[in-house]
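What follows is a group of structures, each given as structure tokens.
Look at the two complexes coming up: chain A is in both, with chain B in one and chain C in the other.
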Partner chain A sequence: MRRKGQSLVESLVGLMILIPIGLAAFDVVTMVSCYHANEQVADSCARAAATRADQGAAVKAAEDAVEHSQIPGAALSVGVQSIEYNLGTGMVTAVTTMQIKLPVPLPYVSQMTIKSTAVVPIVGTPAPQ
Partner chain B sequence: MKDAVDRDEFKSAQRRLSSLRFGRRRRTGSALSEAGPGLFLLLVFAVFPVLDLIFLGISYYSCITLNDLQLREAVKVSKSEATAPNGVIAVAVPNQWRRTTIGGLARLAQDPLTNVSYSFGKGNVYVTVVTSVAIQPLLTIPFFPQLPGLGAPISCSISGTRVLENANSVFY
Partner chain C sequence: MKTTKQNRSERGISLILSCVCAALFIALIYIAFHYSTLTAGSQQVRNAVDAATLNVSKRVVDLGTPPQPIFKDCADSSGSIRLTNINRVWGKAYLINANVEAMERDSQSTPLSTQNADQAYMQAQAINDSLVQQLKSRTILDEYFKQLAEKRTAGLLGQGATVSTSQSNSWSFGMIDRGCESNLSFDTKQLPGYATLPGVGSGSKTYIQGYSPVTAHKRSFCFTSFRPNEMPHLISDPYFDKNEETKNAIANAVNPIPNAFKVTGVATNSKTPLSAAASAVANPQRQYTLAIPHAYVAIQFTNRAKWYVEGKKVNETSYGAKPEEQWGVRNYPIPPPKGGTLNGYASLGNEYAKANLWQAINALPGDHTQPLKKVLQRIQEIKADFSMSDLQQILEKQQFQNAGKFYIYPTYKTCDLTDPQIKVTSDKELNLPAWLDPTKGTDGLEAVVATEEMQKDEPNYNWQSTKGEHHTEVSGTIKWAPGSGVNTCLGELRLDRLTECYFSIGQ
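Take a look at the complex of A and B:
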């Protein structure tokens, strides 16, 4: 009888460790998936902005690219944080942010913000002679 | 008196030896009779389904890679090339993908079906590639005959959208 009680306690202690690890795995998978999706959104924004001739048009093109992007279910919102259209370097830098909701909220952390950056060469202006 | 003590010691030693040789369950034989059904249940309802699910995840990831490769190609070629039934997107890229290691990991019931479509944004043109696949389970478990992923192929569609490299590609 005493041995059975010991097994029960050991099982409970084991489960108390294993269950949070299993639940945390859901969060990790969601974070990785959303990070990957945000990278693609940033790349798409930079690519769209790179086809424009100035900063204003580049920002509008990037915002349009966000609207057409496929966003994972865990994402609450996606937006363009900044577009740097630099004719000097010939590159466009797009920064996007994605706010995600964790499937298993951690203590004091139920939402996270992921930031991604993409750099693409400008193709919307003629090459210098 | 001494004989009785010797006899008791002998019997005790014999019991210990018997226990060491054959274990405690020798009398009933339950260990042997339970091992077969136990192993069967463990394999069929636990180990094999878990292996199938792990393999399903690997195959799905492999198919995501295929969709990504097709999308990368679709943004660069013209619409007529991208939508051709025997063109580079529908045939050449999947064939090339199958020859790679990650492509070989996916066990498909049939060739992947690809649909390429275009949409217009504010100055941008977007191409969407939808890859439909039917993934066969690694181990077909006969006890789940119609259950997708365990006893039958599971169908899934993977979609990706990107900005067209040259917006004029959509017109020719």
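Take a look at the complex of A and C:
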């Protein structure tokens, strides 16, 4: 009877170790997957913005690109934080943010915001005359 | 006793098993985590290499070389020949050589025109080679790559992980979109006789085919493909490889300009060595029209009067381009028994009375279409869309003003000489542009292209001091001396007007 009880306690202690690890793994996989997805969104935004001829058009193109992006289920929202269309350097920098909901909420942390930056050359302007 | 020992050995077994499982579980999670970061990091490297290669294809249009003297008018606003305007250089070189080939076939070439055509080709090739050298410079391309690569991190591969070009793999160069549009449009009307150019229609324009060498004057001309409405963009590696210069060279092209670039980038400062290859095609996004920007066509009038008494030529004079009276026969002795002297005079230059240049050209009856077509074709080498009605309009606006020679030439408002406005100026007005040196004439031989019908007693007429038959015969010959365009002269139309004044002694 004592033996049975001891095994149960040991199993419970083991599960207490394994379950949090398993649940944390869910969160980590979600975070990595969302980070990767946001990187792709930032890259798509930057590429779309790079094909335009000015800042205004670049921002609009980036926003359109976000709308057409595939975002993971854990993402609550994704948006363009900033578009820096710099004709001086010939580059466009897109910063996107993705708000994600952790599948297993941590104490005091149930949501996270991921930020990604992508830089691509501006290709929408013709060569100098 | 045995039972007690067994109980003691089984005590804590579940806990141990749980710990082992946890360790295995943690190891699996660690591996899965690293695998996913590696996958994502690999994507970061690919994206970074893509962006950096795209930057190279965007930046290569900045590379330039100073033009050789013949091609200064093809340079951009900063005075350079770049990927953007290299097709303009080859276009001008082609036109010059096509002009000389036509001159040779028409037996109107000279050793100078042949030499000029060769010189134009050699200078175009020198510009081409200098540009190719820059476009293939590893130092320059690496710098352009680095310019963007250092702004893109591959954070998932480690802190400060970036990409750089692989030292073991060099840059590859390709000629993409073979047979597609170059950035040089043309009109078949621009081409001198016998010349043909392969064209590709796009929108309302026809572009010279890129990477499809054409021959003129036994030389091969290769234009670079830059499709209209396309930006610099990434292309698939198999497509690049199919058009790579060493694997698939372009026949009859000497050192053609590459329009696509491929490189392998590797992750640096990374715990995991990752690499990715990317190919991108350049496009300056500027289109031009086939032209010789600094060139002119001249129209010259020469007027002669020949004076005859009893069918015998006694004098020859020249007259200006306005009505005047000349005494061409003075005190011509009349033989006995009549005796005395004969004085004959004529009213000359009436073909230019109140005339503008168009009327002056058409002053005598005859078919002037052929000579005017020669002039028009050469003007179209300067401005492709110039029409016969445009020519008539500018010639009608030009007053004759007793001038002997007229210059038809372009003026430009843009620095890169892409908006020609055709003007006419006479040698009396002296407001020719600095590049136009009227002392440099054509390099071709003159040939008759039309004759004007003989007119009797009109528009010029004559009198004589004694009684007797007298009349004038006014005729004209139109000659065309083609020019290659090397020394800016594309041709000279000469209208030789002749008034023959006949006098008789009478009975």
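To be clear about the criterion, the second predicted complex is superposed on the first by the 127 of 129 C-alpha atoms of A that agree within 3 Å, B and C clash if a C-alpha of one lies under 4 Å from a C-alpha of the other, contacts with A are read in each partner's own complex, and residues count from 1 in each chain.
Throughout what follows, a residue touches a chain if its C-beta (ideal position, glycine included) is under 8 Å from a C-beta of that chain, and two chains touch if they have at least 3 such contacts.
In this text, all values refer to a predicted model and were calculated from it rather than measured experimentally.
Undergrad: Could you tell me whether chain B and chain C fit or clash when both sit on chain A in the superposition?
TA: Here the two partners, once superposed via chain A, fit next to each other without clashing.
Undergrad: Touching A:91 in the superposition: chain B (first), chain C (second), both, neither?
TA: second
Undergrad: Would you sort A:15 into first (chain B), second (chain C), both or neither based on which partner it touches?
TA: A:15 sits against chain C, while chain B stays out of touch.
Undergrad: In the overlay, answer first, second, both or neither for which of chain B and chain C A:65 touches.
TA: first
Undergrad: Output check: A:120 vs chain B and chain C. Expected answer is one of first, second, both, neither. What do you get?
TA: Second partner only.
Undergrad: Touching A:32, do we find chain B (first), chain C (second), both, or neither?
TA: A:32: touches chain C, not chain B.
Undergrad: Which holds for A:5: it touches chain B only (first), chain C only (second), both, or neither?
TA: After superposing on A, A:5 lies clear of both chain B and chain C.
Undergrad: On the A-aligned overlay, A:51 touches which partner chain: chain B = first, chain C = second, or both, or neither?
TA: both
Undergrad: Using only C-alpha centres after the superposition, what angle do chain B and chain C make about chain A, to the nearest 10 degrees?
TA: Here the answer is 100 degrees.
Undergrad: Count the residues of chain A touched by chain B and by chain C, then name the partner with the higher count.
TA: Chain A has more residues touched by C than by the other partner.
Undergrad: By how many Å are the closest C-alpha atoms of chain B and chain C apart after the superposition?
TA: 5
Undergrad: What part of chain A is shared between its chain B contacts and its chain C contacts?
TA: 51
Undergrad: Report the residues of chain A in contact with chain B in the complex, numbered from low to high.
TA: On the chain A side, the touching residues are 44, 47-48, 51-52, 57, 60-61, 64-65, 67-70.
Undergrad: In the complex formed with chain A, which residues of chain B make contact?
TA: Answer in residue numbers: 119, 121-124, 126, 159-163, 165, 167.
Undergrad: Give the list of chain A residues in touch with chain C in this complex.
TA: 3, 6-7, 10-11, 13-15, 17-18, 21-22, 25, 28-29, 32-33, 35-36, 39-40, 43, 46, 51, 90-91, 93, 118-129
Undergrad: Can you name the residues of chain C that touch chain A in the complex?
TA: Going through chain C, the ones touching chain A are 7, 10-15, 17-19, 21-22, 25-26, 29, 32-33, 36-37, 39-40, 43-44, 47, 51, 54-55, 58-59, 61-62, 76-78, 82-84, 148, 151-152, 156, 231-233, 284-286, 414-416, 418.
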